[in-house]
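One chain, chain A, links the two complexes that follow: it is found with chain B in the first and with chain C in the second.
Moving on to the complex of A and B:
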């Protein structure tokens, strides 16, 4: 029973990952490739922050380096006739990530905390400032582009072929990363996060351990970058941007950095959302930022943390009694989200250049605008009262059930503790 | 050559003073609370945009007054209702929170003002030449930026070293627990310092935004340089960040005009041809990689002397 429980979700995910893509169109297949890459990148990043306790603000450096390594190899194969098995190309990204990670990690890990974060930030920014000017290595501002060459009967021209290769690499990488957490070294990594001082007292070489963790994280980040380059057939200096480092940070923390699969969950959700919502609204980045802040404020362990906590206490939670408050809370969340989205979208519509152009036509008056398929008057009470009421009702409901949920949860925790299962 | 040196030095000093205006608040906040505020440069941007809005509807000088006050209020709210909540989760969460805030501020600015530069310009009565050097007019507004920064530094210095408020602030910075035991309201002091720091950045934005471009990227562009300044000067040291600001300001203004390269340097020992043939790093000119040098400087300082030029603690 427990064995089935443990492997059921994983098997389901694998079935979806293998079976779904052929049914999708090319655009969505491409999204799936990006989802896989983002999941790998976030998990590699989490090895450093979630397990090792080192907050890096410059992981884009290794991502980008991995991408450029693969591009150089692609160029060498295409123009120089180098004979290299195409499926192994992403490895070049991993190797490049490892080499750069080892070198920079040696220096970065001399410092810890805020100073470590600043060193990594400076490293990535240096590459970002240097790359557009370094024609030979980074292809200047235009970057490098090339073509995947056919190999072994597969021509890698279709997205689905790229997808399955990416899937293979990502599964291997996840396997290795998970296996790592089970090794003594993996345990040591956790100790590094929890109590570095103690580790030092026990005679471990803390700096060397940190360098190993850093290098591993950089290696898998490089692999993710390599896969991206393999899929896009191009790389440019924008891969080193702060936004890339920020994105992976967001994925990791919203997903939950204390759980192995948490960052991957965050990456999957955000990448799919970005694709779906990014087309509809221009404020997607704003929503992303708000979600991130809310998670940092109220859910410090992220989605993954909440899920595992439910799983851990599944026999102690009074499911029957908690159902109603949960449903009310979900409704409240929905109402608040609707209200916030309405207000943001209204503002977006009113401050957009398009609306300004419309105002010009009516002598700088305030013509009605269209959003969500309806026409709204900018100064009518209804336009603003509707989201306001929705938001207030939602907030009221949320505040009302908050204590109920908290009470039921503390009951569950107590009953678990009584049975000798304290919080981890 | 003399003209180049003189003009570059002047521009560099002014730019450095501007950097100082922004970094002063950041270094104070770090010194006191240990919070590295990623959203600090966003306060600079908000200052510029608020001043732009006020200038458009009322007047430039009113904007110069209103912007820092409003930004300081935003800073106070951020400290009181957001930062303080995550304080118990540790520094990593504070870092992440300000990081997310920087993100949101940028997107909000894009929402209201669009993803392009706005036309925030100085008023015409400030648009004249301060003096003439080598037949070129030197704009008065640059001098004005420098003067505002100097006035700010003097005021800050006097406030911290000569008044009772400054005394409490310094005590709260050095030994917060002891200051609290002596019945000073340390959280209130923190909130105040955060607000004042944000306000200073807002003032810098209001002043500089009228001269340099005001766009949604300005926070990101300046933000990382400000980190460099604060780190190089020593986290928590006002005087250190003044020196570092001037250094980096003068350096960047010189580097833009110099086409020195490693190959050029090597040609003095007869290796110029070889280096040019190798290419790559050797032929990059100083002007094209000037953006890298501050980061390199920051790396070296962090690795060799993390306390910075004038910091006392690690």
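Moving on to the complex of A and C:
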């Protein structure tokens, strides 16, 4: 039973990852490649924060270094005629991440907490500032571009070929990262997160432990960057942007840093979200930020945490009784989301340059605007009343079922705890 | 009990700024004895422990463990040389299970640290030794509970277990019964007596009945100076100690 629970979801995911892409168009295949890379990057990042308890604000450094390493190798193959097996190219990213990670990790991990975070931030910012001016290493502002060469009868010209190679590397990397959690070193990493002082007094060299964890995390981040370069056939200094470091942090926390697959879940959702929503609205960064804040405030263990908690207590949760409140809560969430989206989009429309242009045509009056396929009057009560009512109804429903859900959950926890307790 | 010295402090001094906390302490701990350090609040007992266990380096003097200088060495090296300490304020891995808390120590004892090539579940010796230790500290029933969810006295027992897990010859316990009820204290003292057989114990303790009942020798520390060292009877009858610290409390116990 437990085996089924453990392997069924993973098998389903693998079936989708292998079977789905040939049915998609090239654009979506590309999205899938990016999804895989983001998932790996977030999981590598989480080795540091979720398992090792070290919050880095500069993981873009290793991601970018990995990408540039692969680009240099690509250039050497294309122009210099170097004979290197194309499928192994992304490894260059891992090696570069490892080397830079070892060197910088040695210094960054001398300090903990905020100081550690600041050192990592400074590192990525330094590379970001340096790269546009360093023609030889980073290709200046334009960056480096090159082409993948055919190898072993495979062209590597099509996205689907890149996809399957990426998938292979990502699966290997996930396998290794998961196996890591099972090794003595993996357990040591958790102890480091929980209490580094005690570790010191139990005979462990804490600094060395941190350097190892940091280096491994940087290695896999480098591999992710390498895969990105392999897919894009180009890399430039923007890979070092603080935005990249923030993105991976957001994926990790929304997905849930306490669960192995949590960050990957966050990365998958946000990458797809960015692709789908990014085309529809200009405010998607705002939505992303709002989701992040809500998750940190109300679901600190993230999506992965919620899922595993449901799995853990699956035999104790009164599924029948909890069904109705869950449905109401979902409806409420939908209503609140609809209300928020309407208000944000209305405001976005009203403050857009386009609307300003429209106003000038009517002598700075306030003409109606179009959103969601309808025309809205800016000063009509109805325009604002609709989202307001939706939001209030949603909020009301949510507050009403909140206690029911909480009660049923405490029952489930109580019953689980009673079972775990030794007989008196 | 042999009278061979296993831990020796010579002229140990420690200052924080202008404050001289430890003012030239000489102390010999014999192999296999249970030795208590007592003294009023602020006497420097915790600082003494922190010096010996490697949290701080002393300003002067030396600390010899089995004849080897350990003053100023890093905490993990001192631990590897066979000296392990517990903490006054419980210092555990909260989110890991009780078993895993102990296993971190068992791993260290066998020198398994940065091992990446096999799953920890396959290390049968490590796991069975950890289970045996779990049994000794009587927490087998709580094996897979996150350590943060244990009751206070269970956490104190785990604290002692973690101190033992690395296989030390010399054990430093910093107020093992702090904050405990009478029953809990009796329970923990029983536990300490049991698990420190054939080991050397140095303990800081406030509860005088515990100290006199448990220990072979006692050292009295007052404002950074070692006032006296002796058997419980000698200490009880020492006029200077009575005056400085014990008063009527010890005489009646």
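As a working rule, the second predicted complex is superposed on the first by the 420 of 424 C-alpha atoms of A that agree within 3 Å, B and C clash if a C-alpha of one lies under 4 Å from a C-alpha of the other, contacts with A are read in each partner's own complex, and residues count from 1 in each chain.
Definition applied: a residue touches a chain if its C-beta (ideal position, glycine included) is under 8 Å from a C-beta of that chain, and two chains touch if they have at least 3 such contacts.
In this text, all values refer to a predicted model and were calculated from it rather than measured experimentally.
After superposition on chain A, the partners chain B and chain C are accommodated together without colliding. After overlaying the two complexes on the shared chain, residue contacts for A:206 are found with chain C alone; chain B is out of touch.
Taking Cα centres throughout, chain A sits at the apex of an angle toward chain B and chain C that amounts to 80 degrees, reported as a multiple of 10.
In the superposition on chain A, A:136 makes contact with chain B only, while chain C stays out of contact range.
Applying the stated contact rule after C-alpha superposition, one finds that A:48 touches neither chain B nor chain C.
Residue contacts after overlaying the shared chain place A:283 against chain B, while chain C stays out of touching range.
Once the two complexes are laid over each other on the shared chain, residue contacts for A:198 go to chain C alone; chain B is not touched. In the superposed model, A:344 lies in contact with chain B only, and not with chain C.
Looking at the superposed arrangement, the partner reaching more residues of chain A, out of chain B and chain C, is B.
Shared-chain residue A:119: touches chain B; no touch with chain C.
When the two complexes are overlaid on their common chain A, residue A:180 makes contact with chain C while staying clear of chain B. Aligning both complexes on chain A leaves chain B and chain C separated at their closest CA atoms by 13 Å.
Those residues of chain C whose C-beta lies close enough to touch chain A in the complex are 53-54, 74-76, 79-80, 84-85, 87, 91-96, 100, 103-105, 107-109, 112-121, 123, 141-142, 144-145, 162, 165-166. Put simply, chain A touches chain C in their complex at residues 179-180, 182-188, 190-191, 193-195, 197-206, 208-209, 212, 420, 422. Chain B meets chain A in the complex at residues 34, 36, 82, 85-86, 89, 91-93, 95-97, 99-101, 103-104, 107-108, 110-114, 220, 224, 227-228, 231, 279-281, 284, 288-289, 291-292, 295-296, 298-299, 302-303, 306. Within the complex formed with chain B, the residues of chain A that make contact are 49, 55, 57, 107, 110-111, 113-115, 117-119, 121-123, 125-126, 129-130, 133-134, 136-137, 242, 246, 249-250, 253, 283, 285-286, 288-290, 292-293, 296-297, 300, 344, 347-348, 351-353.
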